[in-house]
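Comments concern the structure below.
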Amino acid sequence: MTSPPTPPAPTPPAPPRPPTPSPRAVVRRIGFYVLVGLVTTFFALPMLWLVTAPFSARPGFSVDWPDFTLANFRSLTESTDALPSLYNSAVLSLWTMAVTVIAAALAAYALSRVRIPGRDGLLYLLLLLSSVITGTAAMVPIFQLMFTLHLLDKDVGVVLVLTGGLLPAAIFILKDFMDGMPRSQEESARVFGAGPLRVLGNVVLPNVRPGLATIAVWAVVQVWGNFLMPFLLYRSPEKQPAAVTLNTFYTQGGQPDLALISTFSLLYSVPVVIMFLFVSRRYGFRFHGGVKA
Amino acid sequence: MRPTSAPAEAAAIRDAAAAAGAATPADASGLGRRRALTFVAPALLLIAVFLILPALWTLYLGLTNYRLTGLEAAHPRFIGADNYTNALRDREFHDALGRTLLFVFGSAIIGQNLLGFALAWSLRSARRWVRGTVETLVLMAWILPGAVVAWLWIAFLDDQGGTLNAILHTPGSDWWFDHPMGALIVFNIWRGTAFSMMLFGAALSSVPPSQLESARLAGASGPQQLRDVVFPAIRGHLLTNTLLISLWTFNDFTPYLITKGEPHGASAVLPVYIYLTALPGERLGFASAISLIMLLINLVLALVYVGVLRRRSA
Amino acid sequence: MKVVVEEITKVFEGGVRALDGLSLDIADGEFFALLGPSGCGKTTLLRTIAGLETATSGRIFIGDRDVTRLEPGKRDVAMVFQDYALFPHMTVADNIAYPLRIKKVGRTERRARAAETGAGLSLAEYMRRRPAQLSGGQQQRVALARAMAAQPTVFLLDEPLSNLDARLRLEARTFLKKLQHDLGVTTVFVTHDQAEALALADRIAVMADGGIEQVGTAREVFQRPANVFVAGFIGSTPMNLLPGRCAGDAIDVGGVRLPVPETATGLVATGDEVIVGIRPEYLAEANGDQQGIEGRVSIVENLGTSSLVTLATAGPNVQVTVLEGREPEPGATLRVIPRPGRMLIYRAAGGELVDAGRS
């Protein structure tokens, strides 16, 4: 006996398919990826050397698949200038940062809170000056000035010069942060009897921490990478910071010592990259129209 | 020193508002005028001695025949405007200036602006990881110390092992020797695009999307939207960006780290030229005169920049 | 031109399902409202019709054309945004003429048509001005003029009145209704203001969570809301929604037994849990010994020509609208009964309206 034919199970309706993109959109999509690809290549290629050469057995100028050797790093300890110069860079950066932050905080606070006659004009003037009187344009008189003041080849001299250049922008930024802070906290602290320095330290500065962090990091990064001023003002090689010594790593035969150069460059770059990542992660990449922060 | 100017436009606007009489208590800190001035004093002193004084000194030095060694070092003589007239007539100075203008025009005004804008525009609607990767790479080029970047590009363009020659299959092409300015221009575009990209990114995000969509609904194509909505909105940003990056590029000393002016001064932009004249060349007086000219050019650029800023915040 | 939305689903990056298999038929020349709370998907739907968003699945028709894949500029629609999106660097005249410029209409004709459209909206004396020099109401008219100049087949308006202040809004409302009536162009507009939707639209789609709760005329949506959500959303004063239980052909609610409304006869059984919906405007003071919901007056809110009285009962509060001059004293006891034919029954489970007219 044949069983009655079972009706076929109703097929579920096919899920609606998304509309296919128009040809114009496809072309635009391709163009975008081509651009992105080209740009990525353009920017990445020169940087590849920095991550491959230090780990290559015999580093040359070419980018090869690294052999993953750490032998090159030995040259860092063998060189008499390399590691001490990193130390010099750190010292210079931290001192400059300290002086800049302190002087800028004091000045920004006063300028933010007190209506000194000509304040606005002064600020724009300072900004103008720091853009105009760059290290490059003023290198000759700075050299001569330091010479006259007997500050050549002295850390103090370099710190002061660098600070002078960084201050106007630092004051501008910090003042901006302070302007945005409501004054009620300071007023209540004063009522409790706090003097102005205490108010600044206990009440104001904690509130503008992002601003302080911004200029501190910015100052460190600027000094860490600065070549011209130390190059100009130091005479003794052992005082030179990393930016300058990196230029001196040649062998007896006049060839660049690439093992040393590549490893040193890597080591020298790491702190800046870390600082940048930290600040941009924490505070976002705030652009004050001209500050690399 | 890397020239930096940081006009926080919000601050400028706030200042203008305060000047217009918005309610700000006169002195919340209780500092009083006198103490406020002492607070400002340390910073002002540093700025006066290490920023302003050198600028004025340039003027003075330029009027002498000062040299580092020899008779002129001990007893520099006042020689009037000779250094200045010599400089203005000097062939090498003209060449250096011309090279610098080419450098600024090619790498900053055209190169960084275009590439920075193109990146900002294309990445607006990219997926987050794409945008993040590209931006990070571009920013890395800006963040790495100048001395490192110099070696990277020496390696990249090396005639024997350089990566560029490997990719283009042109072994033995010595780019830095044959095309020093061209290579420098490409290098500087690589180095500095990050700033323009970020600035235009911020500017583009402030263009109201509804205006773009209105144009799109009216049938405007991509280029038409750029022309009718985007460019009018970011005109001011374009101007300030161009001024800033021109100023920075004009004062950039990094080319020295790569080529030291070689071959035979063919890549000596003005900053390098000044250095070579002053120290190895030992003509401090003459170099000062050129420095002053450079300061004046800086001044013009910066004045225009600050002027534009103040007009925008008003 | 009619607009047909067919099974539109829109899923955003990140998994947000803004539209969920939504279908809609908008007739030619209709003034149609998309109404709902924020996040319901109404703006997404509008933008999908415009082409500014691409649907994840489904189709859109304008007239008989399948425009799902079509660029926004090719759909022959015009959209007015909430912030008007006028181009600040162009004069009013150039703004209005912009769509014509894109369509490559010659300059003289462009100018003439822009002037004509502008004059029609009383903008003649502002043609040379920049948007920043105009008031909010004037800017809105410029945005409308720009949309009209394109002579589209469909107008899309995104919250057209929310940027205007309250007094201006009412004037603009009347103006908008007349304009649409004169032009006769299909208009779809988005709003979260139910009063606005009721006043302006020929038909309304009440939306929630990416789907449509009810489509109907203002009267239908007001008098016979299809479910508890719509019932609570529509109406300047919130509808009273009281739990009740059926007993034969009556319902026990608010401590009293009220007869089952005619439209629901036979559809409920004894013991069914229901929600009874009565608008405050449709409750009247019971006279004499009529059965009514009893409560104590706790709050009296003056609304102008009437007052909203809140009664505290054994169950949830009941609100009644009373005309001026008849306000009770706080603390007094009040008994109210619903106006015949104005009581609605909703199933407690699911919130659906119990109505013979519905399947």
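A, B and C are the chain letters, set down in written order, and residue numbers restart from 1 in every chain.
Note that a contact is a pair of C-beta atoms (placed from the backbone, for glycine too) under 8 Å apart; a residue touches a chain by one contact, two chains touch by 3 or more.
Keep in mind the model is a prediction, meaning the values are calculated, not measured.
Engineer: What chain is the most remote from chain A, judged by the mean position of CA atoms in each chain?
Structural biologist: The most distant chain relative to chain A turns out to be C.
Engineer: May I ask which two chains are joined by the most contacting C-beta pairs?
Structural biologist: A-B
Engineer: Mind checking the centre-to-centre distance between chain B and chain C? Centres are C-alpha means, answer in whole Å.
Structural biologist: 56
Engineer: Between chain A and chain B, what distance separates the C-alpha centroids? Give it in angstrom.
Structural biologist: So the centre of chain A lies 16 Å away from the centre of chain B.
Engineer: Between chain A and chain C, what is the separation of their C-alpha centroids in Å?
Structural biologist: Chain centroid spacing, chain A to chain C, equals 54 Å.
Engineer: In chain B, what residues contact two or more other chains?
Structural biologist: none
Engineer: Taking each residue of chain C in turn, which ones touch at least two of the other chains?
Structural biologist: In chain C, the residues touching two or more other chains are 71.
Engineer: Considering the complex alone, what residue numbers of chain B touch chain A?
Structural biologist: For this pair, the touching residues of chain B are 1-11, 14-15, 19, 24-33, 35-37, 39-40, 42-44, 46-47, 49-55, 57-58, 61, 66, 115, 118-119, 122, 126, 130, 133-134, 137-156, 158, 160-164, 166-167, 190, 195, 198-199, 202, 222, 240, 244, 247, 251-254, 257, 270-271, 274-275, 278-279, 284, 287-288, 291, 294-295, 298-299, 301-303, 305-306, 309-310.
Engineer: For the complex, give me every residue of chain B touching chain C.
Structural biologist: Chain B reaches chain C through residues 208, 210-211, 213-221, 224, 228-229, 232-233.
Engineer: Which of the residues in chain A come into contact with chain B in the complex?
Structural biologist: For this pair, the touching residues of chain A are 28, 32, 35-36, 39-40, 42-50, 53, 60-63, 99, 102-104, 106-107, 109-111, 113-116, 120, 123-124, 126-145, 160-169, 171-173, 175-176, 179-180, 183, 186-187, 190, 196, 199-200, 221-222, 224-229, 232, 242-244, 246-247, 256, 261-262, 265, 268-269, 272-273, 276, 285, 287-292.
Engineer: Which stretch or stretches of chain C touch chain B in the complex?
Structural biologist: Going by the criterion above, the answer is residues 50-52, 71-74, 77-79, 81-89, 98-99, 102-103, 146, 150.
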